[in-house]
Amino acid sequence: MKQVVTFGEVMMRLSPPLNYRLPQTATLEVTYGGGDANVAAALAQMGVPAAHIGVFPANELGHAAANHLRRYGVDMSRCLFTEGHRLGLYFLEVGASLRPSRIVYDRADSAFAHLDPAAFNWDELLKDAGWLHWTGITPAISAAAAQATADAIAAARRLGITVSADVNYRRNLWQYGQKAQDVMPDLVAGCDIVVCTEGDADDLFGIKAAEGTDNGFISMSQQLTERFPQIKRVIATRRQTQSASHERICGLLWNQGEFFETPFYDISPVVDRIGGGDSFISGFIYGDAHYESREQALSFATIASALKHTIHGDINLVTPAEVEHLMQGNLTGRLLR
Amino acid sequence: MKQVVTFGEVMMRLSPPLNYRLPQTATLEVTYGGGDANVAAALAQMGVPAAHIGVFPANELGHAAANHLRRYGVDMSRCLFTEGHRLGLYFLEVGASLRPSRIVYDRADSAFAHLDPAAFNWDELLKDAGWLHWTGITPAISAAAAQATADAIAAARRLGITVSADVNYRRNLWQYGQKAQDVMPDLVAGCDIVVCTEGDADDLFGIKAAEGTDNGFISMSQQLTERFPQIKRVIATRRQTQSASHERICGLLWNQGEFFETPFYDISPVVDRIGGGDSFISGFIYGDAHYESREQALSFATIASALKHTIHGDINLVTPAEVEHLMQGNLTGRLLR
Amino acid sequence: MKQVVTFGEVMMRLSPPLNYRLPQTATLEVTYGGGDANVAAALAQMGVPAAHIGVFPANELGHAAANHLRRYGVDMSRCLFTEGHRLGLYFLEVGASLRPSRIVYDRADSAFAHLDPAAFNWDELLKDAGWLHWTGITPAISAAAAQATADAIAAARRLGITVSADVNYRRNLWQYGQKAQDVMPDLVAGCDIVVCTEGDADDLFGIKAAEGTDNGFISMSQQLTERFPQIKRVIATRRQTQSASHERICGLLWNQGEFFETPFYDISPVVDRIGGGDSFISGFIYGDAHYESREQALSFATIASALKHTIHGDINLVTPAEVEHLMQGNLTGRLLR
Amino acid sequence: MKQVVTFGEVMMRLSPPLNYRLPQTATLEVTYGGGDANVAAALAQMGVPAAHIGVFPANELGHAAANHLRRYGVDMSRCLFTEGHRLGLYFLEVGASLRPSRIVYDRADSAFAHLDPAAFNWDELLKDAGWLHWTGITPAISAAAAQATADAIAAARRLGITVSADVNYRRNLWQYGQKAQDVMPDLVAGCDIVVCTEGDADDLFGIKAAEGTDNGFISMSQQLTERFPQIKRVIATRRQTQSASHERICGLLWNQGEFFETPFYDISPVVDRIGGGDSFISGFIYGDAHYESREQALSFATIASALKHTIHGDINLVTPAEVEHLMQGNLTGRLLR
Amino acid sequence: MKQVVTFGEVMMRLSPPLNYRLPQTATLEVTYGGGDANVAAALAQMGVPAAHIGVFPANELGHAAANHLRRYGVDMSRCLFTEGHRLGLYFLEVGASLRPSRIVYDRADSAFAHLDPAAFNWDELLKDAGWLHWTGITPAISAAAAQATADAIAAARRLGITVSADVNYRRNLWQYGQKAQDVMPDLVAGCDIVVCTEGDADDLFGIKAAEGTDNGFISMSQQLTERFPQIKRVIATRRQTQSASHERICGLLWNQGEFFETPFYDISPVVDRIGGGDSFISGFIYGDAHYESREQALSFATIASALKHTIHGDINLVTPAEVEHLMQGNLTGRLLR
Amino acid sequence: MKQVVTFGEVMMRLSPPLNYRLPQTATLEVTYGGGDANVAAALAQMGVPAAHIGVFPANELGHAAANHLRRYGVDMSRCLFTEGHRLGLYFLEVGASLRPSRIVYDRADSAFAHLDPAAFNWDELLKDAGWLHWTGITPAISAAAAQATADAIAAARRLGITVSADVNYRRNLWQYGQKAQDVMPDLVAGCDIVVCTEGDADDLFGIKAAEGTDNGFISMSQQLTERFPQIKRVIATRRQTQSASHERICGLLWNQGEFFETPFYDISPVVDRIGGGDSFISGFIYGDAHYESREQALSFATIASALKHTIHGDINLVTPAEVEHLMQGNLTGRLLR
């Protein structure tokens, strides 16, 4: 498989151990991640060549963040390290049972937000790539980031590279003066595969899905692919959140008129829910390239995402063999010697 | 809201990390708490002015205990630090599944047990208070502690301050020569609000409740308020303990003839069950002052108590906004960004 | 009760904290155990005199391993410390939910595997013993280990000592050139009590059980005791593994024609499943000696094993009183003060 | 002694454990501090009533920071909690031997930097105070912070309160458009006691000290007190840094014409050098109030500062009795039972 | 070598990690030790058969304490576990540089203090022993403990067993109504070897040593052996404490008229000074049995004690080979591969 | 600078925290390193392109080891992952003061030892390299490893690549049947730069140095370069080990007839001495490429090595700027803000 390239911000994540709350903890666990980079890292772990393109402050923290992804095999050689801005951070309190996990963001004024779109020669950056992946978080960060995303997509189209996006609409993030509703359509128009829920489609594109669970996704997918004819596949996970410690997920795929869905998978307890969506799309990218059947790709993606919920940190540290072991029906977690 | 004052012993709590047992651990996690002080701390965290009156040994351990409560906003300026006795301790092994948590007490001969009742000028100590709260643990510790409790209640009555008590009968604690059955009635007679279960009422006051779950609580409450006409409200939680890791609780209120109960709330996993009762009464004190409806106060108290089970340590580190988020039906623990 | 003696390998166990995976952890938790030694340790904890006979490298690691068992009261004075070989290790990743726990063995060329059977004077070593216990892991390690096992059993028979075995067939272990199917029958022939499932009996002895859950165990037990008339009792646990975090177990006993089984016990969450089987047989050895009724012995064994799943490490750190508390129906894990 | 009030920013401090570097650590130790607040906390620990006035973001981090100081007895009731800005942070790598400790600041755009000077009614805030202390860090943060500092000093002068300052010139901090050299003189003019080295005096006020070690300090102090006649005492520590792990300090005092200096105290190893200067001035404030002799106050201050170097965190957790034990010549660290 | 038996109290030791202070720590490190038991444990580690006789509460803490010593090879089979009292504790803050380490004792009312002297059949308990060791701490705890010590010594004399004592006078401990000066002489009269400094001899026996460093020890030893003719050897360490982190020690021996002393050994940094004296006497017991030369025994003892200062916990975990490596002049701590 | 390529084994390193000993620890800190790979990692951290060629088991441990080096920027893409063998390990106890650090090796039968020399196409592997570095540890591991080393050197000579070696003679390692004295000369003959002490030269090549400190090194270097004319520079560090906690090192260089030496640098305390030599040669490779003056390269190398002693783990995590800061005379470890 050719290299998968992701583009986006990487943040330091700081969380109290176990279920401690911020005002009571004397230590914080540190890891690093970002919606796009997590995809590159999961793929690299699975043996797929993957590179991330990001912008980091040229200080110990920026290098630590880059090291973290490099550790899991991501090619970080095309990242920029710039002076004058900071590494974005977020603080995560891990909830339990009926107490939700909470994130306190401290990501303003990051080196990534202040990137210079002209610093990226996308035709050069993507010259060995076969796939470009981005998320809706990136254009939400700053006008510069939105511009660079647009440039990357345009280059990918020129080079005939597959483009995927997780539209991932986060209302609170869009604070630099443009609306998601104005920016996202042009970006999504350049994509072949999108992760999108009915809610996202309504919020971003005004698409009203039919009623009913499956119908809703199918109806939304039909409208979305009609509006954006470049899109060939729409995928999503459906979540039945029981509590902060118990999640149920299934995967949905609309593939040029066909609809597939997986059974629900129970995850109890949830070890770490951050990056669950990123594991889904990275699993789908892997599955798309390695399986003949789209249904198997969806199954791989969904189980990969379910497994991510049992792994600490943002990155899905599972091997294809581990996912396939579950695909073969081994869902009871029996000890492997 | 005027200051809530609590009176009682604070102990050091020592517990192995995770589910380790005492004979195998090389580290102990340290925190501090007590049934009364936990109420003050939870209220202080919720923005209610709260003071605790306690007696500590005048050494590093006594100061560490006082610091712990001060950290969460409790006014500790009226506490006494005395020479010659020790800080009570308890060791807690946290169980899991069908293995119960266990407490090994080492609290004999504490500075609090040896308090001098004459050292407390209650009229002065309570002069800015609007509420006095105590638990049945305090008069169980020593004759001196029982005397000081009686003095505090008498002063509160003189000053027109609301008095609440968690009767919390612990048979093993009463070892100084007097019986709970002789001491408690006079103390409870001075209270406006009590936390009391059917079992407590039977053990302490010989009150036999009618049969049936709800009937039992109502019947007990009627008899209790007839016997002690100062009491206006009786509250309690009902527990359906599934395992050391899975608790179900609901809240009950008998308010001058009216009976309310909440649905059961599932807590799975339980992070830390210590202080669950203290969170209930502190939640009720908060709710009583902030809501028109007694039913809402009960709901606030019960959810606050449920949330406590997900928080490490004795003290309920939740904000009113967090409790209210659940009161609005958000019970699935969905991640808050 | 006279001393119980166990014989087998002890390994160092290295596991990342919590549910971390090996490639992401910066610390490993260290403990020590082995299928036979765990039995000795659990019995010693329960007040039964117990000795383990093992072979360790004469270095810091060998001594650390021996110290670990000595700590829990096992008489290690008959162990050998030899030069030139290593302590076997295994790495354990603790799974969660649908992600299985995994073991990476690194036990080749251990001091135990290279033991000299002539170094053991079994008549002397067992002279104060009343019971010998071994597992099917020991003869799987090396021809020398198999020889020593045979010698031990022969001596036990000469001395009139009860012999128990956990046949515990692990296909991957048998790598020194002999087949389990050739080695095990002669060893099992010398046993009074065996832990054996239908699967083990089929794999090792070609015994085909009748269909049906209970029938299968009864049918297998009948055939097994016919083939090996020294065997008086066959026991096993049946597992309904729900996930890596949720186990259900019941106990089965075939005692000279009588069949008993316990209810299923739910363990959720599972804290540490390693050593669950060793706790079952150690519980049965304890129960066999302390209860008149075999059914009670089985109940003790099964609950002891269930409790082990809630305890960190290989060794079942529970007291008989704790097991009996659950035998009396206290299965909801209610806090003990 | 009347209350000591401090004013300034409190930051979260994040440091890898031991001597780990940022790019290799998976955990960070969290504490909180600030040059001014550290003075309040050390005094509160010593039994002196102390309040801090600061501005914190109204989120979990701001409350955690305030809790930290409250824990050590600081009255935080006059602090402001504002929306829209962040808690400043800094990352500290602890060096060893010839490798220096390093700080990476991430403090831009803090709630404190964006304070509104009009939000402080200094006459009210200082009405019970006997002493106001500030550091040169505060006016360096923003024009608003400089204005509030000036307002506080003016109010203190009106109210007849003693004012002390640690001029603490940090070139890199002054980035909001005004120069320290323009801002500081007016602020220092309102002080009674200043911590100032020859280097600070040269950089800030263009004062050129005479040559020679003691002469230099005396000459600088003379010029400084001539220029700012309100100043009655000038104090400083002299450091002979041997390595990141070995510090030597002595204390210097110029008191209205008299000069005192202490012996050098060796600190080896240095546990935590942050806050060493803050402990010196807090020790001097304590000593000034509790000793007749200025020389003893200086000795108390210097030993308090030396002891701080052996204590983790920003805050000097020593009691007056501990300092006095060393003042009596017990400098060899002999175990106290 | 025949078994060495020790008698005395074992306490739980609780200390904050690193150099943290009690009021700031959230975890405590747990270990167990006692002046006598530490001697047994160090000897067991060195391959000498050793048993400890103690009294523990019959609860999890008592068993944990006994387990700790058992782990290091001490025969604990003669210990008593009694109901109704507690395990003594002490809290240790580890100092650094000029800040002393501090101990806060919480040992009153321990199971050991409440021992029943009649419960010990010393002739039976010592029947396999070749050596009895006790410290001056034991008779300081209670009249019962003093009586049991006297009984043990008397039995040892009857059985012809060597008796050693570390007189270790701690003024604060003697609080049960008898004076050390009245109790100790009779006990010391039964000893063959004592650890005693000039200060101890003066305080306990009114022996005034000559002036001068070496002369003082010789003069004291002469008077002591004249007064107590059973004593054949007097040993002691001399300490030149530079700081809490830097100790210098040498060993002194007066052997029936001969005087020996070792060079001073520098220990910098000191990792853990607790148990330094216990390592000295355990080293001497080992050396006395294994070397022809008393001078070598002294050298072994002193280096063993120096090494203890580099080891965490109360117990000296060194092998004879490690001590001898230093005795051969390898004092620079060069890495051993 | 062109890529530096290293070749050799990487092991997992397991060490108790702080100064704990193996038999007492419940956790081990994990890192990975090897004498050659450490050089690649230090260079990568300094911005020099670096690749390591190694052989790892194709399991979680092998991947974890490779990840560790990848994290610090080493190109691991040419490493082999093979079935059937293990990852070598070593256990490190960190000493203090006069107690030496100790290593317990458990490295037999590693995947690296069982490498197939034919699996390496060195002309291809080195085609982009400018420098090849190896250590004397590699040919000591197995005949196959020695053969691969010889092949690598031969290819480097063919390709005109600079070759450096750290001869690093470890007697205990050579156990596969050939002598270092027979194998090493041919390998060293192909080197341009060697790290070699007088002791190594004597042991390996029978070279007898002249007497005297500097003379010895010069005399050895002259003889060495006469014997192996390809060698142009000989370097070494001289160590004055004061204790396990205090090291002094200086650097020595013999460069085609010229002799240079640096001052001694004091390292106190030593944080982690492992990899000190690897930092020296990696510093020299960096310095050789970046400075005109050989003396500066030597100074850079020596200070880099000194700094390594203050850094946890095998790898020298310092930047060139940090080394140069010390080269400019900033040796007192003053805090950098």
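Read from first to last, the chains carry the letters A, B, C, D, E and F; within each, the first residue is number 1.
In the analysis below, contacts are C-beta pairs under 8 Å (C-beta built on N, C-alpha and C of every residue); 3 or more make two chains touch, one makes a residue touch a chain.
This one's a predicted model, so the numbers in the text were calculated from it and none came from an experiment.
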Centroid-based (C-alpha) most distant chain relative to subunit B
F
Using each chain's Cα centroid, which is most distant from the centroid of subunit C?
D
Distance from the CA centroid of subunit D to that of subunit E, rounded to the nearest Å?
45
Centroid spacing, where centroids are CA-atom means, of subunit A and subunit E in whole angstrom:
62
For subunit E, residues contacting two or more additional chains:
21, 23, 26, 67, 72, 102, 269
Per the touch rule above, subunit D residues touching subunit A in the complex are 14, 21-23, 25-31, 59-61, 63-64, 67, 86-87, 89, 91, 93, 102, 104, 106, 108-109
For the subunit F and subunit E complex, residues of the former touching the latter:
18-21, 23-24, 95-103, 105, 170, 172, 241-246, 269, 273
Sort out for me which residues of subunit B touch subunit A in the complex.
72, 265-271, 306-307, 309-313, 317-318, 322, 325-326, 330-337
So, in the complex, the side of subunit F touching subunit A is made of residues 67-68, 70-73
